[in-house]
Each structure stands twice: as C-alpha cells, then as structure tokens.
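Two complexes follow with chain A in common, the first pairing it with chain B and the second with chain C.
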Partner chain A sequence: MFKVFKVGDFLILAIFSVILFISLSIYLNLPSGDILKIDYQNQTIKYSLNQNKKIDLENLSIEINMGKARIRHSNCKNQYCVMQGWISHINQSIICVPNLFKMTISQNMDAHDSTNY
Partner chain B sequence: MLPRQLFKAFFNLLFICLLLLNSSCTKSNFYEKKFLIYGTILEFKFFQTPKKIADEAMSNVIAQLNELNSIFHPWQDSLIEEFNNNPNATICDEQQIQMIKKAFHYEKLTHGYFNPAIGALIKEWGFHADEITKKTPDYSLIEKIVNSRPSLNQLNLKKGCFEKINHYLQIDLGGIIKGHALDLAKAEYQKLNIKNVLTNFGGNIYAHGNPKNRFWEVAIQDPFDQTKILAKLKLPPGSAIGTSGNYEKYFINEGIRYSHLINPKNGNAFSNHSSATVFISPQDEVGLKSDVFSKPFYFSDDLKKTQLDMNFDYFFVTDLNHNIYITKSMLEKIEWLFEEGKYFVQGI
Partner chain C sequence: MTAQTTDIHIIAKLSAIAIVLHTAEFFLPSPIFGLKPGIANIVVLFTYYYFNVRSAAYVSLIRVFISSLILGTFLTPTFFLSFSGAIFSLGCLAIASYCLKSKYFSIYSFSMIMSLGHIVGQFVCVRLFIIQDNGVFFLLPIFIIFAFIFAVINAYIVDKILRVAKSHIKNDKIYP
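== the complex of A and B ==
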C-alpha cells in the first residue's frame, strides 16, 4: 500500500480533508434566514420566510413553509431544482438553469436575534 | 520519512481537523431551533446552554402546547370547540376554569378590547379556518352577536362547572394562547435552571436572561412590507414584546383589508391601524401581557384615553397612512430603521 501512495498523495489528501472539514463546519453553523430572494425574468422579488405561501411563476412553482422554501414544480427536463428540496439557511440557493431562475435565502440587513411580527 | 511515519502523520492531521470541526461547531455558543405549531413558528435561541437541557426544555414546552391545543383549539376537535357548538355543554375541569378566569381578568383589564368570548364573530368572518379565503359575512348575524355583548362574564359557575347564559357566546383564546405559551416556557427555563434563551412564538418574543455583554436584540417587522424592518429594540432580561397587525391572517375584499383581529365593540374586521406594538418590562405573566396588551391599541380610536384607561406606557401604533404614534417612554427604547420619508413619527 505504501509503495502505491507517495508523499505528495498524502499531502493532497490532507489538504482536501482540511478544506472539506472547514466547509462542513461553516455549512453546519449557518444561521436560519428570514427572507427568500427570487431572481427571475430580470426581476428580483423578496418574500418573508415567516409565512405559508405558494408562489406560481411562469415555469415554476415555489413554496414557502414557515422558515424554509423549495421549488414544488418546474417544467425543466432534469428536475434537479425540485430534487434539491428545502433550503432555510442564509446563502443557500437553488438554481434552475433552463429557466434562468435563482432563489437565495438571506437575512434582513441589520443583525438581530429574532423578529417580532 | 518512512511511509509508516507518513501514514501516521496523515491520520494525526485528520484527527486535528476533526477537533477543529468540533470546536467550530460549538464556538458560536448559540443553539437555535424552529418548530411549526398550530401553523405558527415557535423559535428558540439558546445561549451557552447544554444541548441536552435545551432539547429537554423545548420538548416539554411543545408537549404543554399540544395539550393546550387539544383543549382550547377553537375550530378543530377540542373541548372548547364542543363547548362552543353545544348550548348545553359545560366546562368542569379545574385547569380550564382557571385559564378562562385568567382570560376574563384580561378582558376586564383591557376594557373589553381583548375579548375571548367573540369566537362566533371570528367564525362568521371566516377566520376559523386553516386557509383564509375572501368572505362576506352575514352582517345581521354580526349585529345580533355584538348586541348580545358576549363576555366571559356570561359564563355562570354552577356546581363547579361553567355554563353559558348567552347563546352567542363562543370562547376563542387565540388572542392569549401565544403569550401564555411564553409564560409556560419561562416556567420551564426556571425549572431547568436555563439562564439565557430567546423565545419567539408567532412574533411574540420573551427574553430570558441575555447573551454575554449585551441584551437580546429584536427587529420589528415593517407592517407594509414583510421583508423589511421597521425598528429595532433591545430586550432586557425578563421582558417581552408583542405586536397585533393586519398583515398576518387577512383577506382583501373590494380594496379593503379584513384582518383576523375582530373589534369586539362593533364586530368589524377592519381597523384604522395596521399594527400596534407593546413592550412589557420584566413582571409576572410577561408573555401573556405581550399578547393581550397590543389589542386595545390596535383597535382604539383614542390612543391617549386607552393609554390612561390601561395605565400602560410602552407602545406604538402605525396607521394605514404610514403615521406612527408613539409614547415618550417607548420612543426612548426604540431605534427606527425604516427608509427615510416612509413613516411620519408623532408623539401621543
């Protein structure tokens, strides 16, 4: 086994492991967002995540369900965007390339612990 | 270096990475969880609390809420739903009687602006439903209900049981249950010796303790745009904040917004105010007060009179024309964040 692997191989493995763990730790610590930002047909629309809402667009249907969002239906061929499921953490995105659609979770500009409504 | 040593060095490095990952997961000191209860978000944010204890507290609070739901849900299968729809039904359970007595205390304190006996009005406007749809109510029925002056005072305690003496009386504790849930959470934190946690149930927020070197800080949603912030407020330990607004459950009919908040005085689902926010300083039943005290100011046409009647200072109201009416005490606490020119702030 040690004849197959050389010093450089271990080094690369170690570097990628570090990158993987750092990425994972950042991902696991992302706070929940409270805004869904949709970029579609040259327009940006924002929705509060603190609600239950179904949004029907031309080629897609979006669902917001109390703090999280997903694409319910899309007319694209591969359905990758639908399969991605729910997103709820800040900076998480779902992109549907055939429909030139993007939605991202974000937070209101000012840092705060919670929102009164 | 020998291959065996290299192999060992690699796994040592991997072990350090795992330690780093573990420390980075806990370094934020905050532990947050959200739940969906009765179609409303229940949100906890713990600071420096062991995960096991935080989980136990959340699980206990949710169990108590589920029990409350099975008793007090106004339109799903519950004891209150049965009481509302059966003229001969009675309420004999001591815990339920105590809860109703507590609600009656607040009905008196708010001079009837908070009225848990107007379930029939809420139902007639179509708000006893999971999905709100546009509805034109039977105005003659609404007039009959209002003229019967429904009040929890019309529950007669006979042989240890409550019975109705007004045919139109239907109990709906929706205006108190979120606040009561915050008080249950507070008791749970005290029981488990949890020091610092922020609890948000459907927008009503209770601050238990505070994070290190600062107070819990909450944003108040802009009533005209759910994606924007109207203001920010720091919550000292033990305090709470609550808002009644026309933007959560509503329908629009011929350009007028009808909200699930029904004015008990006239049976109308329309108010000249879009929201009313109250701050409750640390005291008993702080959560409950944060839920109830916003209602009188949401409905009132004479804020100064209502302020004096209730002997309560910490509130502000936004009206449909983007005016904000605020007391001096509240103004000292608040930091406005709305876009310049969007609102006109006036003293009360």
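== the complex of A and C ==
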C-alpha cells in the first residue's frame, strides 16, 4: 500500500518532462527578429536590424550590429539597461526607466507575433 | 451532506497550520521573485489524502484568504496570483482525483499535477491581468523545473507524514 512509486507516476513524470522540453525548446529556439522598435519621448521609431548603426538620442545611445542591438551609453544612475547587453530575439526588450525608454525587437510583419511559434 | 464536528475541527486545525506555513514562507528569501517552495501545499495534499477534494479546497482557500489578510496583501496582485494558483491547482487535483486511480498513481503524481496546475494558473493570471505581454512565458521553464523539484520534496514529506498519521489515527480513509 505504501510502495512509493507506482506505474502512473512515470507517466506523469513523462508528461511533465515533455511539457518542460517543449517550453525549453521554445525558450532556446526563439526566432530572431529584424525590426528594432524604439519607444522614446512619446514617439515610436522603427529601425532595421540588418545594418551597422549607432543612434544617438538625447540621454542614451544605441548600437545596432547585424541582427542584434544594445544600449551603449546611458546617463541613468544604475546602468541596468547597459548591463542587459545584446538582444536579438523576438519580443526581447530593454527598458530604461529613468529615461522612460523602451526598445523591443519584433518581426517584419506585425500580424505575426510569438504566439505563432 | 454535513460534515462531522470532528472533521470540521481537523479541517480548522489543518487550515491553521497551512496559514502559519504560508505566512512563514512569505518571509523566506528567494533568488527569483515569486519562486517559493509552496510548503503550505503539504497541508493541502495531506488534507486531500486524509479527507477528500472538498476539504482540501476548504483548507487551500481559507489559507489563501486568511494569510493574505494577515500579511496585508488582500486584493493586491500577490493575492490574486496566490488565488488563481490555488484555484487552478485545486481544479487539477479534482480532475486528477476523478480520473486517476490511486492503484496506479501515487502521491508523487498528485503533487506534480498540483504544482503544475499552480504554475499554469499563476502564469495565466499574470498574462491576462498583470503583465500583458508574451514575454512572461520566458520564465516558464525555470518555474516548471522548480515546481517539479518542490513537488517531489513536498510529496516525500506528505508521504512520511501519512505513514506516521496512519498508525496514529487508525483510519482507512487514508490513501483512498
């Protein structure tokens, strides 16, 4: 009666690990995006990610380097946005709260988002 | 169907233990925000095995409401996260207790199903009401891994408690 593991436990364990595997594979194989969307000072600007470009804004500067983007400099106190490093996958974003800044990577067609994958 | 007075007493005592555990757990430090071992679910799982799903629902919901009143998080996002997690895990427990026979599925299965339901409920609540962005699902693998670990630990503890309780209480309702 008190035998610890039973047959069904391994079934549940298998289902559990399948769910874990699916979520991990979604997590690891995110599609890389090609549009960088910047929300700053009440306006939205879009840049293509397939270029080498340095963008200087009022309080911070952004660097785009062939499919990935980062914040190079910022005048905020904690520098969390700079320490985030490069982002390249869809729906990844960097925000800088002191400067009210947000940049997100998205795909070219707005109709498709990450729920399609 | 009215429950026996002794049953109500035991449910009240178990709810009190669950409230204490949940309140103590609130003050534990955690490396990731929201990552908690869920030790109050030990009591819920014990109640399920000792009585039935209905009593487990009583204990779980009383725990959520009263401990949120104690901690001062009533009707805050923390409370709604806790509440949705409890509702989903109880729903999963009810479905599992209806579908799965205890001949083939032990306490570890029920614990894993409950913890997975808890995580799913919390993520649904977060996605719908708090952070309306698909980015929250990036945290799902981490939470699933820790849900599995803590589910196994909790089930082991409940198993030990039930072994002791069985010799003390002399009740055949344990392990229905």
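For this structure, a couple of remarks:
Here is the rule we use: the second predicted complex is superposed on the first by the 84 of 117 C-alpha atoms of A that agree within 3 Å, B and C clash if a C-alpha of one lies under 4 Å from a C-alpha of the other, contacts with A are read in each partner's own complex, and residues count from 1 in each chain.
The rule is short, and it goes like this: a contact is a pair of C-beta atoms (placed from the backbone, for glycine too) under 8 Å apart; a residue touches a chain by one contact, two chains touch by 3 or more.
None of the values given here were measured: they were computed from a predicted structure.
When the two complexes are overlaid on their common chain A, residue A:Q51 makes contact with chain B while staying clear of chain C. Within the superposed three-chain model, A:G67 lies in touch with chain B and out of touch with chain C [touch as defined at top].
With both structures placed on the common chain, the touch criterion links A:Y27 to chain C but leaves chain B unconnected. In the overlay built on the shared chain, the residue A:I35 is in contact with chain B alone; chain C does not reach it.
When the shared chain is aligned, chain C comes close enough to touch A:F16, but chain B does not. Taking chain A as the reference chain, the count of touched residues is higher for B when chain B and chain C are set side by side. Shared contact residues of chain A with chain B and chain C: 2-3, 5, 7, 13, 24, 26, 113-115. Note for the complex: chain C touches chain A at residues 100-101, 103-106, 108-109, 112-113, 116, 133-135, 137-138, 140-141, 144-145, 148, 159, 163, 175.
Those residues of chain A whose C-beta lies close enough to touch chain C in the complex are 1-9, 11-13, 16, 19-20, 23-24, 26-27, 91-93, 113-115. Within the complex, the chain A residues that touch chain B are 2-3, 5, 7, 10, 13-14, 17-18, 21-22, 24-26, 28-29, 31-32, 35, 46-48, 50-52, 65-67, 108-117. Against chain A, the residues of chain B that register as touching in their complex are 1, 3-4, 6-7, 9-10, 13-14, 17-18, 20-21, 24-25, 28, 32, 34, 36, 39-41, 43, 45, 198, 200, 203-205, 211, 216-221, 226-229, 232-233, 241-243, 245, 247-248, 277, 337.
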